[in-house]
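Here chain A shows up in two complexes: once beside chain B, once beside chain C.
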Partner chain A sequence: MYIALFLLPALIVYLLFQIVPLILAFYFSLVEWNGISGAALKFVGLKNYIDAFHNADFLLSIKNMVKMVFFSVLFHTPIALLTAVAINTKCKGYRAFKALFFVPTVFPLTSVGLMWYFVFMPTGSLNALLKNIGLADRVVPWLVDPATAMNTIVFVNIWAGIGYYMVILLAGLTTISDELYEAASIDGATAVHKFFEITVPMLKSTISMCILMDIIGSVKVFDLVFAMTGGGPNGLTNLPTTLMYNEAFKYSHYGLGSAIGIIILIACLAGTLGSNFIMSRKHD
Partner chain B sequence: MKKTESKSRLGKVIMYFYLLVMTVVFAMPMVFTLLSSVKTKLEIFSDPFALPKVPQFVNYIVAWKEANMSRYFINSIVQAGATVIILAIMASMAAYVLSRFDFKGNKFLLLFFTVGMMVPMHTVLVPVAYIIGALNLKNNILALILIYVSFSLPFSILVMTNFMKGVNRSLEEAAVIDGATYFQVYRLVILPLCIPALSTISIFNFLSAWNNILFPLLFINDKKLKPISLGLLNFNGERGSDYGPLMAAIVITVALPLILYLLFQEKVEGGLAAGAVKE
Partner chain C sequence: MKIKKVMALTLAGVLSLSMLTACGSKTDSAGKELSDEKVTIRLLTRMAGTSTQVGIYNDIINEFKSKHPEVTIIDDSQGDESAFNNILTTDIASGTMANIFRIQGVANLSDYIDNGLLLNLQPYLDADKEWSGGFTEGSLSYYQVPGHEGTYAIPMESGLIGVYYNEMLFKKAGIEKFPETWEQLLDAIAKLKENGIIPIAMGAQSTYMAGHLHDQIFYKWMGTEAAKLLGNREMKWTDEGVVQTLQFEKDLIDAGAFDPSAAGITDNIALTQFQQGEAAMVITGPWNISTFTDKSATPVSDNVKVAKFPYFEEKPEFKNQDMQILSPYMVSGKLEGKELDLTIELLKMLTGKEAAKRFAEEAAFLIPRTDLDLDKSKCTDLFMQNVEIGGTSEGIGVDVFDFDPLTSMQDRTRNSIVSLFTGASAQDAAAVIQAEIDHAK
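Entry: the complex of A and B
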């Protein structure tokens, strides 16, 4: 009796807004629906998925997603690890450095996106700065030029995430005993040696956790793109998340939107399982 | 000996150089935004990193009053605040039962609750919109809050349950022997003991709600109800060239998370790192 009373509030909210929608999500991805509640739902099988994979915008968004995941993973954890090691020396001002690098993590990503939007827009501060220091020929409309738009967003995503992984790795670093480093010093190991022979191996599980979270996190990026380009120019910077949002809620393609939503879920699960698999194989 | 000394000095130089480069890259957009928030439009882009001739604090007044940031700010306080309180109650109640009572399905329920952590918001966006439409919950703040709650429940329950499993039971047992009901035990013994874990999840949940944009975007279109991050985007959409006031609005949007972080640095970092378990 008590058990039910204590569990019920959480269970009801969880069922209503997580589990039921999750089940419905699979269903909606198999039907056509114009978005008006009460309107008839027409079962179309896998058509929405087939449509998605024949849709150039979707394929581009997948390409962008792969780019986002690849470069985020490539830069986040290594930079975060180097920074964490530097801060862990407790050098002068280390608290200020840590706070500065971490603080973007607590900001709403929409405001982070806007901050950088004003830096990167055609008349933005970066271009003004380039002009002022005599590099006018390097001026690029960063978020408008198809050649730079996506890369710019990937850069901002990397910028916004480093502090998060830094803090996780810092927590990991404190668990490594000083004795290990001292012993290595006596044996004449250099700082670089100690980094690769002690720090990295000891942090292996933390590092793989960071990479795993990074994969999932990068697949789910939405706010940054939404605030900086809205997916433009011409859908070139769409990720599956923004494309899904636009398809479903701008153009009322709810079936297609739902199918992309499921594909996002599968991408996250695949990222999880894939990196688990690779990490466990490396351990052997 | 001398050789290693000069070597370690070189290492220090490299390290500080690295930290300096990082500092420039991280401070640049923030300094630019802060400076621009007190500059005129002309000053902002003619010399982006120069100080203003006369600080234009009026930008903040324009953002706060004319652009309605005050309204959005209060809306977000209410929405995020209510989310935090409801989550603290629901998660601690559920965690109390899950960590203390051995009943059939206990383990399954904990696992069931954690399934939600794997679900990206975008996956359930269309169904949530459907439910909102079917139950006529457009512009309903309570629905928004409950959606925030549902998305933060898995993480909150997991953190609370793990914490409670490590809490000594002797106090509760004494209370039960003294004839306390389970509700009394929960309210008078469990809750006070769980304050450390409650504050961890609360900071995390507050920031998640404060920073969320997807769900309000989906079904809050009444300007009087919009939260701050959505209000900021609105402002940008409507008056995108009022750069000074816009920058001021950005500063207003990040101010509260920033203050929270500076006040509770360890807690915030710990809470977000605990969120690491989340994914």
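Entry: the complex of A and C
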């Protein structure tokens, strides 16, 4: 009885701010509404979902999302693992390195986005540097050129996330007994052998968790894109999250925006279940 | 005995409650609330930042606050258009409008009026002729919405959106006179480029800049009335003439009129290029005059002049069809009682004769009133030039989408125009805009 009482406040907050909006978002995804208080809501069934998949902007945002998830997963955990292992050797100045690598995680993503915007904008510091070192022909409008715009944002997302996964993996590394490494050394194992035969297998569950969090986190990225490009120019760097926002709040397509929100939810669930399935199969 | 006790307790309770209520608001014999009732007035305008006009706006609000100490002012005004639109959209969706706010456009106001979000200001204009009689007729009638009786906004800003240019850079490039026609403009662009000067400062990441350029071209090629034809669907964005207006903007891009990275540059950076003497022209409105005449902000201020956007020789009839800014203050349709009275009083203070004179003389900010009585010695030359050439307009248009009933057209048109800077063709951009309209049918 008392336990239920203690759970109640959290449950109410959770229902009010998670479940109720979720149900309402699903309801709004089935109607058309012009975004004006008091205006009628017209039930249109699955039309908003069908429209979304016929919308070139949405398909481009899905492509951008796949790129974001793929490269984030590809680089985040491996780089984070290598830095964690390096720091775990407790080499000289390892505390300073640990703090430095973790700093980007402490900053809000909007600040990180703005900072990198000033680096990559056409008149930004990177292009100024290229000009000053005689590489003016390499100057590119990084966030405008279709060949570089999304890649630049993916790079910043990777840069901003490594510290976070590094700290998780570092915590995982402390659980591996030193005796295992000592025994391997006696058996003549090299550092590379120890890494692949002891560190990686022992961290398997931590790595799976990192990958899972990375998939969900990358699907949900919003603030970084919003701060760097706002999804532009003309939707080139939109992710489903920014497109959802633009459709609902800029174009007053609340139904379509809500449908995109539900699709993001399904993508997150699919990513989570998929990666869980792959990991559990490997365990078997 | 028990009944007496209960009655005594009830009476005491009622008495206490009525005393408490009386502490909150005093009422007179007619039941009218007296002046110590607390009122909150929320404002959502674009008057934010450190410019002179914002200083005057704040002075007026402070004056109002000192007159009415019982009023709390919450000023949510945003200088940034995107931030402003976010708050406005949320307000519209939730129906919690600020007391005084602004919505861009006219045709789309109908939906807002139908849903009770906008107050009809005609009764207040009729009741105070000294205030209402000073506004130019055209500026008030602009906010008389077809299909609805009344006037739904008070104009608070006007003036020509023209081409501000650096005369010295033009002379440096061997151009003695500002181009009057499109062909002359293209020649000037080529000469400026040859001299290593950015011809037109453009920050298309702030999409309105690319949109305003298209507005200028559109009015000179199609005339201001054509915007209404697009709005009432008698004309399509994919019609040949309209596509041609987009093509002209594309031609400017191809001619190298802008920084090659214009699509990734914000308005502030573009304006800085002009203010620092790196760019020869910038298309903007009178709201930047005080910045352009301030030597500390614009080192080249002595060379800054203003002109109309060049016209097309094939369309001399549209030579004086110009883009002008006309910004409104609107009042929430949900206000009543003392809150409404105080809001109207503040609105009058912000747009009255005295405020208009101060805004014009000190900040080069023009409220469209005929009773200004300006002391020309206090006004800058650039402001007077703007007023003078603005007075020659034979047809006036704000943004092309102003007459479109679809609220999404502001962003849709501007984003598609920006797509011209990232490789899209005029036909592609027109098709995307038209698809938005077709989809809404």
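Just so it is clear, the second predicted complex is superposed on the first by the 270 of 284 C-alpha atoms of A that agree within 3 Å, B and C clash if a C-alpha of one lies under 4 Å from a C-alpha of the other, contacts with A are read in each partner's own complex, and residues count from 1 in each chain.
We take it that a residue touches a chain if its C-beta (ideal position, glycine included) is under 8 Å from a C-beta of that chain, and two chains touch if they have at least 3 such contacts.
Owing to the predicted nature of the structure, the values given are computational and were not obtained by experimental measurement.
Student: If we overlay the two complexes on their shared chain A, which of chain B and chain C does A:Asn34 touch? Say first, second, both or neither.
Tutor: A:Asn34: touches chain C, not chain B.
Student: According to the stated criteria, A:Leu82 is in contact with first (chain B), second (chain C), both, or neither; which is it?
Tutor: In the superposition, A:Leu82 contacts chain B only.
Student: Check whether A:Phe249 is in contact with chain B, with chain C, with both or with neither, and answer first, second, both or neither.
Tutor: Both chain B and chain C are touched by A:Phe249.
Student: Report for A:Glu197: first if it touches chain B alone, second if chain C alone, otherwise both or neither.
Tutor: After superposition on chain A, A:Glu197 lies in contact with neither partner.
Student: Applying the document's definition of touching, compare chain B and chain C: which contacts more of chain A?
Tutor: B
Student: Answer with first, second, both or neither: which of chain B and chain C does A:Thr123 touch in the superposed model?
Tutor: So A:Thr123 meets both chain B and chain C here.
Student: So, A:Gly235: does it touch chain B (first), chain C (second), both, or neither?
Tutor: second
Student: Return first, second, both or neither, reflecting whether A:Leu143 touches chain B, chain C, both chains, or no partner chain.
Tutor: It touches chain C, and chain B stays clear.
Student: Show me the chain A residues, by the header's touch rule, that chain B contacts in one structure and chain C contacts in the other.
Tutor: In the superposed arrangement, which is not itself an observed complex, chain A uses residues 35-37, 123, 249, 254 for both chain B and chain C.
Student: Under the stated contact criterion, what part of chain A meets chain B in this complex?
Tutor: 2-3, 6-7, 9-11, 13-14, 16-22, 24-25, 28, 35-37, 82-83, 86, 89, 91, 97, 99-111, 114-116, 118-119, 123-125, 128-129, 132, 159, 164, 167-168, 171, 190-191, 209, 212-213, 216-217, 219-220, 222-223, 226-227, 240-241, 244-245, 248-249, 254, 257-258, 260-262, 264-265, 268-269, 272
Student: Which residues of chain B touch chain A in their complex?
Tutor: Listed in rising order, the residues of chain B that touch chain A are 7-8, 11-12, 15-16, 18-19, 22-23, 25-30, 32-33, 36, 44-49, 89-91, 93-94, 96-98, 101, 103, 109, 113, 115-116, 118-131, 133-134, 146-147, 149-151, 153-154, 157, 182-183, 186, 207, 210-211, 213-214, 217-218, 228-230, 232-233, 236, 243, 246-247, 250, 253-254, 257-258, 260-262, 265, 268-269, 272-273, 276, 279.
Student: Looking at the complex, which residues from chain A come into contact with chain C?
Tutor: Chain A reaches chain C through residues 34-39, 51, 121-123, 141-144, 146, 229-230, 232-236, 246, 249-254.
Student: For the complex, give me every residue of chain C touching chain A.
Tutor: On the chain C side, the touching residues are 82, 85-86, 89-90, 92-96, 111-112, 114-117, 204-205, 207, 259-261, 263-265, 269, 407-408, 411-412, 415-416, 418-419, 421-424, 436, 439.
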